[in-house]
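Following: one structure in structure tokens, then a few remarks.
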Amino acid sequence: MTDTLEELMLNPVIRALFWGLVMVTAVMTVTAWTTWFERKFAGRMQSRMGPTLVGPAGLLQPLADAAKLLQKEDLIPDSADRFLFNLAPILTVGFALGVAAVVPFTPDILAADLDVGVLWLLALSGLMVFPTWLGSWASNNKYSLISAMRAVAQGISYEVPMVLAIMVPVIMTGTLSLSDIVADQVKNGWLIYRMPFTGFFAFLVFFLAGLAEANRIPFDIPEAESELVAGPTTEYTGMKFGLFYMAEYIHTLLSSAICAAVFFGGWDGPFAPGLHWMLAKSVLLFVFLTWVRWSFLRFRSDQLMDICWKYAVPATLALIPITALYTVWHGGAR
Amino acid sequence: MSESENNTRELAFRRLLRAQFGVEGEPEAPLPDDGPLVAREHHKALAKALQAAGWRLYVTCAATHFPAVPGKKPTDATTPECFEVATVLRSVGPGTHVARWRVKLAADETIDSLVRVFVGADWQEREQFDLVGVIFAGHPDLRRLMMPEDWVGHPLRRDYAIDTPHAPWR
Amino acid sequence: MAVNESDRSFDHPLYETLERFPGLDLATTAVDKVLTWGANNSQWIFPMATSCCGIEFMAAAASLVDLDRMGSITRGSPRQSDLMVVAGTITVKMAPRVKRLWDQMPEPKWCIAMGSCAISGDFYRDIYSVIPGIDVAIPVDVYIPGCPPNPEQLMAGMLRLQEKVNLKRAGLWSPPETRPETGKTIEPAIKRLLQAGRDERITAAQLDQAMSLMLPAVDLPPRPEPEPEPTAEADAGTTEAPAAPATPDGGHHE
Amino acid sequence: MTPVALARAPWPDPYLNVDDYDPEADLMVINLGPQHPSTHGVFRVVLYLDGEIIIKAIPHPGYLHRGVEKLCEKLTYAQITPIVDKNDYVAPMLNEQAVNMAFEKMLGVEVPLRARYMRTILAEIQRVASHLLWLGTFAMDLGGALGGGTSVFMYCFRERESILNLFEDLTGCRFHYNTHTVGGQRHDIPAGWAAKVHQTLEAISQRIPEYETMLEHPIFVRRTKGVGVIDADLALELGLTGPLLRASGVDHDLRRDAPYHIYDQLKDLAVAVESEGDCMARYKVRVKELRESIRIARMLIDNVPEGPISGGRPIKQPGQFKAKGGQVYVGIETPRGELGTYLIAGGGKMGDTPYRLKIRPPSLHALACVPYVFPGHSLSDAVAILGSLDPIMGEVDR
Amino acid sequence: MGYIDATFKTFGITLKNLFRKPTTIEYPAVRRERAERIRASFALVHDANGEEKCIGCKFCEWICPSQVISIEATPKRESPVTGKKRGYASDFTLNLQACIICELCIQVCPEDAIIMTREQEQPGFCREDLVLTMDKLYANEKKTLAWHTGAALMEMQNPQRGQEKPAAPAAATPAAAATAAPAPTEDKPA
């Protein structure tokens, strides 16, 4: 019995399917409770309590939210494009989950060990802006439209520093596979502190770009409640809105997981199993993300572009030759 | 200091009113407590003169409606319907002085708009037009400000019933 | 009131689907329980905060009471809200917008009238531009008295709403009957303010009566005892003969 | 309506004909309000956007027009105080003071010294509460409902709550106090209140640097500096008063310049003036006023003299105040500027009600600057500017 | 770099607040302690003899800015307890739907018959729930009463206060006596 199971797991297709399912379920569940965590954390930061009344310490709050969203009437505005309107929430969660496929939690827990995992990652997060735009456009709402324009501008702009920033680890490790990047770090030290320290700056840029891609404060210009009501999701009701909401959290979670893997050595760490280390690092990064979110005000859209094109892109452009020269000097990627 | 400043301004205001704008009395005699009455031709010129003389802050304008009142005895003449527009300006800084005057209008008369003198008069005059129904001649955009555009009547007139219904809401 | 509760019936297609399959219809009760629980504990609020009560609403969302504790957050878009809290006076100019926003909210939805203005229009209820209570335009589930209600009162109202939702989902809800004996005070009009005299019913004779009814027991500390208010004149003054000040000068100077 | 340009360069023309604007441009007309998270109530602005840049703004107030002035004509002087509370619902104390000062001037009632001290203290504490609320909502406008802005908002409300507790101790209500009356106060200072005031205001003044730190982050500075500049001439002509006028470089504060209550005894009243006239300047003025108000209130609370709190007869009958008739104008300095009361009183039989009560709301004038300031800014800036004007729709529309 | 410095400072502020005790009152479980003068709802009271204090003088009905009180008074008749002739209110309705809790009815009441309670009225499912009928008002007498009474307010606002010693209020009600207006001397720091 066990033999057949092990044999089955050796089959790459079955293995991918199995871990894919596990990953999706896990990510969905974790996402649900990250909303709880964020509300609790934000509450405490604001001298409030956060959810307390629904279940012990409000732990059942995500379930209540889900049950509520499930039973809401599904309204589609008359002037909306029904097909695109319905497609957008599915795509947004799909793309977000697609990223999960290549996140290496441990050498084994990994849905798809792609040789070009980094490319896959970049491609999907580049696509993330697409469903947002689709949904906004299909809603036929002026606020949504403005937010769509902002989202596209922001998504496309920040894709550039993101790509450039992740080139630094790629050069330093000489591989495009995420699990190989982590494996290299296990061997030669984390990229965040490895010479010539370009990893640290690349992390900063990558982190900022991740914030921008996930539409988090201080870069949540497409959502900007005080200006654009609810941004791209203004016209969405019930579970469709829930999907957008979820995608945002999945995206944020995975951003922190990828940062942990690429810059903080992934599963590398003493005493505890690798999975624990990976999860701990991801959670810490997520906490930091939340902390950032509830501490800062929002940029204006032109200022956002400023930061991208005047600071982030030149900085990463400078990082790449430095890293490359250093790596070549020391005999190529190890 | 501010007291004397205020006194100087008050005297200047009195002299100005008496010299150029036809208010009766000795040049520096006190003005009536209710504010001096100014003829409606002088309204805009007075505002301009005051602005030039340092009353630069536009404070407010208040129009009041006085309905026609029949005489006490049947033989007495009816007091005709009329309006009164009070305008308030201020000088700024220590010892600020309030310049306040009134203009009396017959029911069918208009008053010059002060928009070209003080842009702040724009909304104030629109509001008074909306609520009281005084026409401000020369106002570039005399629309209703508070009430819906299709509202009938001017609510702050004395003869406007406070509980005027408005289907379907009330 | 103008808007009837029975206009609102909404069955989620989910129930229909469940009932269509034999065997699954048994699950409806359980599902119903879960959904009711969800609906109760995750009421996202659309704040129709127009005036003073809006500030108390903000205070309720802030750290003192923290509506987030019971899972209520505010959403700027009606599409994602379950509960409209009408906090403040609704005017004739605003009412169509309120109605429209209410219509834009997806079912199941509820409405709380917070404060006197939303309940009955408060003392503005007779004024030409104010609608006498938001239930003229949209159905209201819970009325929270106060001007404005304390933040705690809002939370109490939301807990009350949970009771109502529970009863309704269980099919036990019966709409409150209008009670004729109290109905007369619900009359949304300040008749006394409107008529020529502020109070028709208080005539000079009644005022005299009231004065005579006053026992001398109220022992105020010594103060210049006012002559018993010139009642006749006070009363006459309320008859709105535009007598004295009707001339522009008010007849008091010049 | 044929648009007539108000030939008053350098300000944008509020009656710009959008057809005259670049015919190639694809203009988007967008409705900000009347129910919008950032309009602080029910205010509607129609914006003509070229891309994200506003080229014309048409404001539409009046969604909260409740006819208070009409109602006041029907009520007696004793009944009006609780009515006007609802006008500026962020600073109700000052509404009460404004109308009651006009009534006192009309009726010739003297306010005892103790009541005048109390009024000054209450006005200053109310100013603190009002500015705190503004600070919170302004941060929320800039920082979003799901971000750091909310944090500042929550902190500000936390402190404001403690001030409301002070008022509750004094009057029994969180707001809408009805504690002023013609001739003085209705509620005397309770035992131990002074110590509580000290404690609360001390706590707040210690927390203010925290908000400053959070708000003076470069992000905030970039969002507010040079945004929404109102020059002094425009401010004066529009009738902007209070912090808005002072942020434009005009040194004008009714508390110092036309003292009422006991402000004439406060020789060292510091008036905060900034010259830039942008959102940042308005923020700075308000934060300075916050500190100054705390200082004044704490200074005065120790010196409240003994004596009666009401100069006239306490309210015992509805029509007990009788005016002789006349017209008065009284203006006081509220957190938003000059709150004026123009009172025309009838005499004789009509002596117990105002004939006409015109309230001069500072916020109405503040909002009137929208068509002059919005053009040329982006939508995000519009929200920031609107927030910095601190409009209270209750008093704008009345 | 201003950004870095300010960013860390901001993190510091939020972190500091993270470890502050939340100011939230967990409402349904915990009730906040309210001020002594809190005014919330209304009650009609009986006097020491167990007789209704309200004499139906309609002063409150008249002064109410929101006009929410309606009273039906009976003609004067002899009191069964004291034997004196006095008026009664046969019906007294206070409509909380539009009440603004301005306290003016308390202020003008010559008999201290209507006073304030400290407990809020509960939200209702229909407008009728918010009408305080005479029964409800008399039932409210058993709730915690506030200090507000007409006599206490009058005493507080007396223009002659502090100038001459006022005679002790003879007809001070138990409620008023229990929570008498604080003397102005108590809060004066020397």
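For reference, chains read A, B, C, D and E in written order, and residue numbers begin at 1 within each chain.
Following the convention adopted for this analysis, a contact is a pair of C-beta atoms (placed from the backbone, for glycine too) under 8 Å apart; a residue touches a chain by one contact, two chains touch by 3 or more.
Here the structure is a predicted model, which is why all the values come from computation and not from measurement.
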Give the chains in contact with both chain B and chain D, ordered by label. C
What is the touch distance from chain B to chain E, in steps? 2
Which chain's centre, taken as the mean of its Cα atoms, is farthest from the centre of chain C? A
Tell me which has more C-beta contacts between its two chains, D-E or A-C. D-E
Let me check something: if the centre of a chain is the mean of its CA atoms, which chain is farthest from chain D? A
Closest chain to the protein's overall Cα mean, using per-chain Cα means, please. D
Euclidean distance of C-alpha centroids - chain C vs chain D, Å: 26
Starting from the mean Cα coordinates of chain A and chain D, work out the distance between those two points in Å. 44
Chain C and chain E, separation of their C-alpha mean positions in angstrom: 21
I'd like to verify one number: the distance from the centre of chain B to the centre of chain C, where each centre is the average of its C-alpha atoms, in whole angstrom. 38
Listing for chain D: what residues touch at least two other chains? 36-37, 62, 65, 67, 70-71, 74-76, 83, 145, 148, 151, 154-155, 158, 161, 176, 214, 217, 313, 317, 326-327, 344, 355, 397
Out of chain C, which residues touch more than one other chain, so two or more? 62-64, 66, 69, 76, 93, 123, 127-130, 147, 150, 193-194, 223, 242-243, 250, 252-253
Touching two or more other chains, which residues of chain B qualify? 33-34, 64, 102, 146-148, 155, 158, 160, 162
Among all the chains shown, which pairs meet the touch rule set out at the top? A-C, A-D, A-E, B-C, B-D, C-D, C-E, D-E
If we count contacts the way the header does, which residues on chain C are in touch with chain B in the complex? 2, 92-93, 95, 126-132, 136-137, 189, 193-194, 242-243, 246-250, 252-254
Chain E-facing residues of chain D, complex: 75-76, 78-83, 112, 114, 148, 151, 155, 158, 161, 165, 168-173, 176, 178, 181, 183-195, 210, 213-214, 216-218, 302, 304, 306-318
Mind listing the chain A positions that touch chain C in their complex? 39, 43, 46-54, 58, 60-61, 63-75, 225, 229-230, 233-238, 241
Provide the residue numbers of chain A that touch chain E in the complex, in ascending order. 41, 43-49, 52, 291, 294-296
Looking at the complex, which residues from chain E come into contact with chain D? 2-3, 6-7, 9-10, 12-14, 16-17, 23, 34-39, 59, 62-65, 100-104, 107-108, 110, 116, 146, 148, 153-154, 156-163, 181-182, 184-189
